[in-house]
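Below is the structure I would like to discuss, written out as structure tokens.
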């Protein structure tokens, strides 16, 4: 199948950068250690802050480092290629292909995400487990829900990144919008600080936004914070954002294609 | 003492290749081997050889970018890698493949920055800039960002940039690559003028024999890291081995053409390749062939650098 | 003895000339400059927003209040910010090696380190300095200033900048040997900035000792701030460490010079 082939090729492409991956795992681990101690100090003051215990908070840190690259939280992934190709004009070639562009780039991003999950996702978790006490999923249902939640996280993040990268069709240089996207992602995904610690109204808003799907939701699934109905609701919200945003991508793409065709590439 | 002195220069590279999953084998590549030559001030020297012969490696050693493995190397009395910044004031380098200019800014800004870096006295700079702008036809381009220039325009900009500080030596590494015929001609004319009027020593590495014919009185041929020829160009081309090729397309197939002064090397259907000495005129041979055979088309191929060197080896 | 100072003035003049050109290039696109600057300030500011939000739940972290942490955060941010501004494209020296642009630099009569540090001088990096400076300024209003404290504060920011600058260059030099490990440096530079944003009391004593004697990041803000805030050292480390920031800064300069020279020698001996 074509999309599997695209994903496999992306996986392989990223797997050639062994030294960079190792360096990245090291960096992830260093930041994991720093934030772990910082959160331990916070939870020392308030042992049940945000409904978490300190072991949850530390686990959250390492999940954050693991998902950071997997989801391509603050940028990167196939959408950077998209932005480059729009800027250089090569996108015109892609638009004439009979394959849907969104599907193409999504497949590539999933391939990349698979590689990053196995390397810069798994390895830091193991480092974190070695250095600190972490909470692991306790029921088979949780173990099953986590991969689903992570996959949805990748898709939602991809769609958002796609939309910001697609601004290049109109602005030519999408660096600014992508930077905005990064800022919003770092804050509203819960990477800078777990959303559970956000003050009341801000917390409610943040949980409803798509960025929560990147990290906060998968982390809560892993930590067993979402069970039964609230688990279904959480996954459902992720899925809804994925569908809505992918649809938005298709609309934007259609508009961009019209523009490119009219302007002659 | 010569301006450029090279004695027994060696440059060995260690190349590591993956053999199997985790092992690596190291092999030695002799990029430059036992290279010796001297260049005096004011000479125009062509430095030619096939790809991978060691041309760029030599230039890198002469400019101090690369340290020789062994041997003696002095440029303007200085050891290039030890006295890099001192030597840099007195040389100019034009890299054919990449630019030394700053990509996003207008040409004028690059020149202005170079003026500051090389500490060119203002009057000298104004004079040089005016002269090179005129000679290299850069007037309209001064306010264009370098990234918007065509290859030929950028090359001219690079040359001006390399000369603003009145260097004694100008190194040109494949300067005419990618240029069209007209630009090549204009560039060659400019370099001849430069050497004649300012006495700038020119060392030109190229793959293009016509560059050499137009510019260089002296030629050093390098192959597999060693100089296989060092002398006047005329001597190189008038050698017995050098030959040109007449490619003849006959109307009908025929056995190998026999004609005085040429040897038929290859026959493929109606097309035949005839070899004759390079210094001899092609006209009598063409006439002889046309008299005896029905011709559909013909063309003459100049000896290329590979042929010249192969011939050198066969001597 | 005149030679080193003459070399230094020349280096500064060359740096200024090259950097000025990049500033002009950046200001030629004012819209882009301002968006990127604001975006950059937002990204660096998020760290402090996170800490500020933490203080909605707690009122001290590691025994330090928000303003005190603000002082730590601001000081390390200023140090990293100034260093980041001055290093140009050093972090990507591997790119220069690969693309051959290092060669173009080597044929010019300017120190190679100066050229690499002035290359792609980005005025938008002033955003981090401005943002962390604001936080530092706010936190400084809570400090009981005396003349010695002002001097120590100045010394702290200068030494901090030098320390971060040296770390950037030293770790970037790895790229002379391997082209793929540029992210490795981030763990020490940006990681170093992050670890010092927090009061070192949140970390185990062994880590603090490593950051004192092995990788001298604690001198970037921690020890001087203890003096500025009039606090005792929670780990009982000697009091003179608070004034010793210039020492690791100078030592690191020496290490940087050695590592840089070694890296360049490797490049000129093996080519690209």
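Each chain gets a letter, A, B and C, in the order it is written, and its residues are counted from 1.
Keep in mind that, in the parts below, a contact is a pair of C-beta atoms (placed from the backbone, for glycine too) under 8 Å apart; a residue touches a chain by one contact, two chains touch by 3 or more.
Because the structure is a prediction, the values reported are computed rather than measured.
Engineer: Which chain has the mean of its C-alpha atoms lying nearest to the mean of all protein C-alpha atoms shown?
Structural biologist: Checking distances from each chain centre to the full centroid gives C.
Engineer: Quick check for the class: compute each chain's Cα centroid; which one is farthest from the centroid of subunit A?
Structural biologist: Following the centroid criterion, the farthest chain would be B.
Engineer: Report the inter-centroid distance (CA atoms only) between subunit B and subunit C in whole Å.
Structural biologist: Using C-alpha averages as centres, the distance is 46 Å.
Engineer: So the centre of each chain is just the mean of its C-alpha atoms; given that, what is the distance between subunit A and subunit C in Å?
Structural biologist: Roughly 29 Å separates the two chain centres.
Engineer: For subunit A and subunit B, what's the span in angstrom between their mean Cα positions?
Structural biologist: Roughly 52 Å separates the two chain centres.
Engineer: Report the residues of subunit C in contact with subunit A in the complex, numbered from low to high.
Structural biologist: 32, 35-36, 39-40, 42-43, 46-47, 49-50, 53-54, 56-62, 178, 180-184, 186-188, 191, 194-195, 198, 201-204
Engineer: Would you pull the subunit A residues touching subunit C in the complex into a rising list?
Structural biologist: 17-20, 22-24, 26-27, 29-31, 34, 37-38, 40-42, 45-46, 49-50, 173, 175-176, 179-180, 182-183, 186-187, 192-193, 197-199
Engineer: Which bits of subunit C are touching subunit B when the two form their complex?
Structural biologist: 13-14, 17-18, 21, 24-25, 99-101, 103-104, 106-111, 265, 268-271
Engineer: Given the complex with subunit C, which residues does subunit B contribute to the contact?
Structural biologist: These residues of subunit B touch subunit C: 13-14, 57, 60, 63-67, 81, 84-86, 88-89, 91, 93, 95, 97-100, 102, 104-105, 109, 113, 116-118.
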